[in-house]
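Down below is the structure, laid out as structure tokens.
Going by the order they are written in, the chains are A, B, C and D; count residues from 1 in each one.
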Amino acid sequence: MSWNTFGRVLRFTTWGESHGPALGAVLDGCPPRITLSAEDVQPFMDARKPGQNRFTTQRKEADLVRILSGVFEGQTTGTPISLMIENTDQRSKDYSEIAKSYRPGHADYSYDAKYGIRDYRGGGRSSARETAARVAAGAVARLIIPEVKITGFVCELGGDKIDRDNIDFAEIGNNPFFCPDAEAAKRWEEKIDAARKAGSSLGAVVECVAEGVPAGWGAPVYAKLDSDLAAAMMTINATKGVEIGDGFDAARLTGEENADAMRPGENGPEFAANHSGGTAGGISTGQPVVCRVAFKPTSSILTPVDTITSDGEATQIRTKGRHDPCVGIRGTPVVEAMMALVLADHKLLHNAQCG
Amino acid sequence: MSWNTFGRVLRFTTWGESHGPALGAVLDGCPPRITLSAEDVQPFMDARKPGQNRFTTQRKEADLVRILSGVFEGQTTGTPISLMIENTDQRSKDYSEIAKSYRPGHADYSYDAKYGIRDYRGGGRSSARETAARVAAGAVARLIIPEVKITGFVCELGGDKIDRDNIDFAEIGNNPFFCPDAEAAKRWEEKIDAARKAGSSLGAVVECVAEGVPAGWGAPVYAKLDSDLAAAMMTINATKGVEIGDGFDAARLTGEENADAMRPGENGPEFAANHSGGTAGGISTGQPVVCRVAFKPTSSILTPVDTITSDGEATQIRTKGRHDPCVGIRGTPVVEAMMALVLADHKLLHNAQCG
Amino acid sequence: MSWNTFGRVLRFTTWGESHGPALGAVLDGCPPRITLSAEDVQPFMDARKPGQNRFTTQRKEADLVRILSGVFEGQTTGTPISLMIENTDQRSKDYSEIAKSYRPGHADYSYDAKYGIRDYRGGGRSSARETAARVAAGAVARLIIPEVKITGFVCELGGDKIDRDNIDFAEIGNNPFFCPDAEAAKRWEEKIDAARKAGSSLGAVVECVAEGVPAGWGAPVYAKLDSDLAAAMMTINATKGVEIGDGFDAARLTGEENADAMRPGENGPEFAANHSGGTAGGISTGQPVVCRVAFKPTSSILTPVDTITSDGEATQIRTKGRHDPCVGIRGTPVVEAMMALVLADHKLLHNAQCG
Amino acid sequence: MSWNTFGRVLRFTTWGESHGPALGAVLDGCPPRITLSAEDVQPFMDARKPGQNRFTTQRKEADLVRILSGVFEGQTTGTPISLMIENTDQRSKDYSEIAKSYRPGHADYSYDAKYGIRDYRGGGRSSARETAARVAAGAVARLIIPEVKITGFVCELGGDKIDRDNIDFAEIGNNPFFCPDAEAAKRWEEKIDAARKAGSSLGAVVECVAEGVPAGWGAPVYAKLDSDLAAAMMTINATKGVEIGDGFDAARLTGEENADAMRPGENGPEFAANHSGGTAGGISTGQPVVCRVAFKPTSSILTPVDTITSDGEATQIRTKGRHDPCVGIRGTPVVEAMMALVLADHKLLHNAQCG
């Protein structure tokens, strides 16, 4: 895997900046003869796209995906699939402040330290706009693993967790937060409104469950499913933590409490619990694969923060412009996309060695 | 990166099983003319090696490392460094029970589901014994980044956290738990003794801090330092979660609280806090890189657990033999090794593009 | 390296089919702060583009390159550079014959055997049109290695070799064959005219010389400069052989004849000869790197050839349409591009380990 | 692929120097449940090993292979297979001359230029002794592709070609030259004896034929079978050229002459010829895959050659010691091993995407 490429045998490469003419992904290694058109991709783009309600950035992007290669007469050919999304609402605003000062928590300073140059318009390559390309690639990946059902949702927002007894996946589409708990969704509405008015921002935790993964995907030692999922999730903007199964809570259990006891079942073993999140030794067990991802509150806030200019002088900065008050929300379709891409990759990888 | 290889330009490949004749690592891409001998590696092996006190497995391994290639007259030559550790205490015990039944939480079932075969002696390739090879490779990696000081420690054991105000790195070597809080170390001694007597096991959280990392290491988008660290840590046996900086706690802060305000300093910017754990946009900021890793309690416990045989029949299993009551403890040198390997890789990667 | 990606630290991925809407390359790992605009790329596109004279295919393509990412205010930023070329002259012709029958020597049959589907319009992904994307990437690669001067030329056409005593690099641009020998160029004109009239095609050998490569690029053992160049050249359509230095002729020399004796020089050693083509042990010696590539005659000929239909029936096929009578000619800029890409990659790779 | 690793999903990494304690290969990605023991590997080691007759180096190495991992109860487990060969005849000789002066044509100067250090004992990592490790890995690769029969032979030695009408594969084992033409073998015996007496050396061309490769292996564009084979062969010491099928001769044919006409056959198409060497568009056609590799004469000769010292002074050097008068001969089993490794890799790669 290189800098802007992810995957082992199903590999995708993304390119593009927030305010460039376009961005895209090249997905390589897709099996042939899968029915694919832009219509298969667009719904996932729509789920992620900005400007849909007052809880996300007001940038308006249609996020229409064009498939430029790899499909012939409605079917994949096994050659690279080039997916392109044109940027249409790169508002011509004044970037002079960001050009001259570093926003704490952003990639402004670190990019300059590394490259000696940065595209400061909207964060350039460090913008979460890059994730649009992954969602497109992820939509194709889903078609490679039709046996798997992937469900992402926000399970915690601003420190307020959903009630696990109140989870109803059918609710996820009924609110702008990908929240499976209708009660929590109501509370969150107020929380975000308050944060937005205060010029502040909130963090969130996104959970993703993949049902239907057969036992045997994943590969020791450095391609463990846990490791590839962790890597995938931690490439998403604003993520600072990842857990498989019980994650950090598992560190607080005893061996007996944490054991997922097995018993004979009709289709392979049945498990008394799923503390492990569907993997053992990095290989899937047949249980649902469960992953949780922590998103920090976006550092693009209206509250002034101490910082320095690119010349090293002390100053303060307020990040005006159109920003998500809680980037974790729109991170949900991205987490799903990464889950799909990792699982599809491991399905093919399993075919390679054990097919 | 292939299955048993990790890294981008500094790459290591490990091989070997728990009860095979030997195990080892091949480290490729090491710069030339670094002074290296087995004496540079052995102290790190000794820190990880089993059988040193009653809180770890009683398997006795000298874990002596032989350097078989890549060094000439005491200096690295730029060619692959082959590191080999012979297994000496593969006790000839009766594995018939493990051969026939799956230990819940272990890789027994998932390996069989994947490969249709497994080396059941001591867990074969899924054994944490594999980490000895990484520690050896990590010791070499440290020599590539002499500007960086890496300190790993257990910050939570069985749910009992250290007191952050009581951290003294000098204490880490004074107890068998890599614990920087002398008070906590005393409590943990009792906890582990109790768990061991109960035939149970405990989880732990390991923290690792790398000081001296200059700004500019790490690469967008799929080679973010956060992502590579997460991947690295989640390849270690029994890990189920990873955090950079504040991690999941960051999801509970507001944007203002989480901002690491900057001010001019003598050697680049100074930061008012390090919530981000030393990275922004996946690139180091010059602050200490901070990572935390959750280890589940080992599933090798004496308490009987329901399971199935390889023929699919219901049974119960108790894991006798020599096991760590808390694998997180000996995971500490492994976490350090992975930190060193990732950072050294990124130093070279930075040289490649921006050198 | 994946299927459609080439390179180690400077990596490019190409996508696109002959008759799709566009094709392109994503170049990843380019150093920052290199001055780059489409004007730097276009001259190399123009050298390769079709329809410029009667000796190449009459397909008319402007081959205008758009840089969609990775450049800000005229400088590279270190992020992926997306290069796109729109197809404009995908003539709507009748492909029914090619759809139903396999052209011997083409990828028609092998693609179908592999994928069970193929984009038969103009050869789809197997078309030499893909090389336009590489030429674009190669133009950027040249800017990474300004110290190197790359010169490609046809040294043999239809079995007729240039006179080595008559080489004048200034002549290369004076004829449509990239021929450095004015006399040979005249003979070749007649040869190709005759082949074209006969509905036949001719093979060619392209030579490429890179001057200014310092000693020390290339890496043992599986990243030898010889190996990476051979791999690079053999990915070009219609290539069937590659040589470094004297190549196959070296196999006919004795050890004394083949030795490139050394003597002290002002800037490092001087060599009495360059049988080795500028490498020893896979690493550059400071001499010019010399490579030769054999192009077979294109199999797209008007002469009928026995073949089978996709249903396995016997038939004959004549390949009508617009084809190069000698694909080696337009292969010359592609060979140059691949030389630039390999050398730039190795410059960065050298920086990584030995920088 | 990294510096000392080759392959895509079946990957091997070699390590070790000519005069170190040992050398070896780690083969990763091998399918599970293949019967494997050292006895499967040893015959191929024996074919390559030195000191078997007066036509090769007199260094005596048993080249016994130990399998240190990846096999359990006689079967592969899917985990990395570590293969180790101890060096036993690293004769303690005086290397002071080679330490101080560069042998023209060797890697002495280029290694020093790159690394600033070199293990001059027997060439260190640049020694052809490294190929022992590949032969071991190749022996395992053969077991992954039991459907394929690989035959390597010397087809030209010192400029003297075999008579193609006189090829009898049964003869290959009857002479010390892997020569399938009994008449040529007699001539070569005299040629080599003469060269050896003159303190000179000879080049050779090795041909390798793989029968039984099904249609569909290989992958466009940068994993073409032709490209991967070319890369593989050009990593072997002393190689300077590679051809697939007719290779450079194809450049001298017309399109009609070069076309491999097809007709219906019982098991897929039959071909009237195999100019293409079994590939089209980089993908196998079902015909035998044919590859030819040019080996230069070894530069280790007794005849004095002008050179420089490591201090840059003019001097002369004669390479005493034990060397092959024609390295191409013992290159034959290495060419076979690389063919096996590339084909096995592509079989698995095909499984991944199209399985």
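In this section, a residue touches a chain if its C-beta (ideal position, glycine included) is under 8 Å from a C-beta of that chain, and two chains touch if they have at least 3 such contacts.
No experiment lies behind these values; they were computed from the predicted model shown.
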{"item": "Identity of the chain that, by mean CA position, is farthest from chain D", "value": "A"}
{"item": "Type of chain C:chain D copy interface by residue overlap (half), same or different", "value": "same"}
{"item": "Rotation in the CA alignment of chain A with chain D, degrees, nearest 5", "value": "180"}
{"item": "Centre-of-Cα separation between chain D and chain A, whole angstrom", "value": "46"}
{"item": "Centre-of-Cα separation between chain B and chain A, whole angstrom", "value": "26"}
{"item": "Whole-Å separation of chain centres (CA-atom averages), chain A against chain C", "value": "39"}
{"item": "Residues of chain A whose C-beta touches two or more other chains", "value": "2-5, 9, 14, 29, 32, 78-79, 114-116, 125, 220, 354"}
{"item": "Chain D residues touching chain B - in the complex, by the definition given at the top", "value": "2-5, 7, 9, 11, 13-17, 20-24, 26, 28-29, 32-33, 66, 68-70, 72, 75, 77-82, 114-119, 121, 124-125"}
{"item": "Residue ranges of chain D in contact with chain C within the complex", "value": "1-6, 8, 14, 102, 104-111, 113-116, 125-126, 130, 156, 158-159, 195, 200-205, 214-224, 226-235, 237, 239-248, 250-264, 268-269, 271-272, 275-277, 279-286, 294-301, 303, 305-308, 312-314, 328, 350, 353-354"}
{"item": "Residue ranges of chain D touching chain A (in the complex, touch as defined)", "value": "9, 29-32, 78-79, 220, 348-349, 351-355"}
